[in-house]
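Working notes for the structure below.
Which chain is which? They are A, B, C and D, in the order written, and residues in each are numbered from 1.
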């Protein structure tokens, strides 16, 4: 988990969206709702991906490389998900890496987060080694992973 | 769509769960929440799969066979999902058929339905022709698709 | 808190509605969501009010009488809410007692529970001593408190 | 209805909160969830109350004065709810006017909106003519209606 919209919450004081003050993530609760008990979860950072720099992406690459699992799902902000996917290419060539996230926070009812996370967990078990994105029912190779801001989704 | 728990609603009069009196399904809304716009949807029936007989399963087989798409997701009750999967084997050999559903209705907050549907839509694009089940983050071949009633999920 | 639909949860094993196996109530969470921090809460029982007998109603009367507060909200099943209201009349004549509940469980999205509880907490502060019901935006004297099963609400 | 946080929605493009592009309000849906069918609803404006000026408040006063009902609930932003309450004092002396709103939008799960609206609808039927606020389980006279920003609620 690296943060992104999927993990944002409403801040009652400034009417904006941010991360939980206690630094917590919603992904374990999302997996519990999905009755999906087997993924090991690791919180790497809670950041808006628009503010990611190469140090952040190096940290993600290291975490993926060091994971004992052969398949890894990275929850990530939608703003630069494609950039990170392309950055990760070749960094852990024996691993299947699937990036996912949400256009609407999980903490706000009617988020696409559960749908996307369910797709990413399944795709990580089915796809060949490489870097992929799974969003809104589509599977994208890293170099085709781009947010469609006009439509409010990831799309071909 | 064939019904099942994923499509059940709370009935205020008898405090039980049933299908919407107007015969509607939640799957289009679930896809909209998942921001997944491309699947064509077809409502075949709204039934509890515990009451499925061979005529119901023949209707599902015919719908799968007649669909112009090469990949089909069948939403289905959890009670006999495995039976239908095994019934469908060999009935449309060139198609990838993925059964899914939910342990908790979508209309009740915190359902596993979005997670499962997101997984099924992605799996249908990645799996070889055959009959599969996708539930709770797992992909099952038809002959391994069994509800774990004690745990309240589908599991290996 | 005495139970009733407002506190029921979905049971994944039998597809029915019942109380949480750990005997917990949702009312404290509902007050927290309503950002209403001052009511003292006491869980008396978790029962479907259709199964209430005079011993149950005696226990409610005693709890109301013994409460140090001058105003008490009783969460209660809708099935016999009116019966309990009439039973309580005269049992604690110096207290304002307001019964409330829900037609749809709080644990199921889109419940009337928050709306009713918010009304009951306010009514308890404004009404004269006596026994009242607050449901679906209406205030009822005990002898007028009756569920409208056909409409799925409490109504004049 | 005048807008305010209770009616805001998440905007997927800029990750902020605003009003629905189609100019719609959630109050009718909130009343339907509360199974409260009798209030007549009128959408006056959809504005953040921080941007209200005297022309906006004159419009609210006129709408209250012109309403045929003797009791009116005004949904309103929390930022200047107290200012509007004091502005309205004496403008419709025969009416019971109750302001309410939410700290968290209704469209975001776990909002205080239903709890507050349920309280306001009941209070409007019980309070004497005058201008009041009902928020978070409390009833405030106009001159005591103030947001507690530090606690994220209205409080004594």
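Structure notes:
We take it that a contact is a pair of C-beta atoms (placed from the backbone, for glycine too) under 8 Å apart; a residue touches a chain by one contact, two chains touch by 3 or more.
Keep in mind it's a predicted model, so treat the numbers as computed, not measured.
By the document's definition of touch, chain B and chain C have no common neighbour. As a whole-number value, the distance joining the C-alpha centres of chain A and chain B reads 26 Å.
Averaged Cα coordinates give chain A a centre that lies 38 Å from the centre of chain D. Chain A and chain C have Cα centroids separated by 42 Å.
Shared interface positions of chain C, i.e. residues touching 2 or more other chains, are given as 103, 109, 152.
Pairwise chain contacts in this structure: A-B, A-D, B-C, C-D.
Of all residues in chain A, only 5, 8, 10, 12-13, 15-17, 103-105, 107-109, 149, 152 touch chain D in the complex they form. Taken together, the chain A residues at the contact with chain B in this complex read 30-31, 33-39, 103, 109-112, 114-123, 125-127, 134, 136-139, 152-153.
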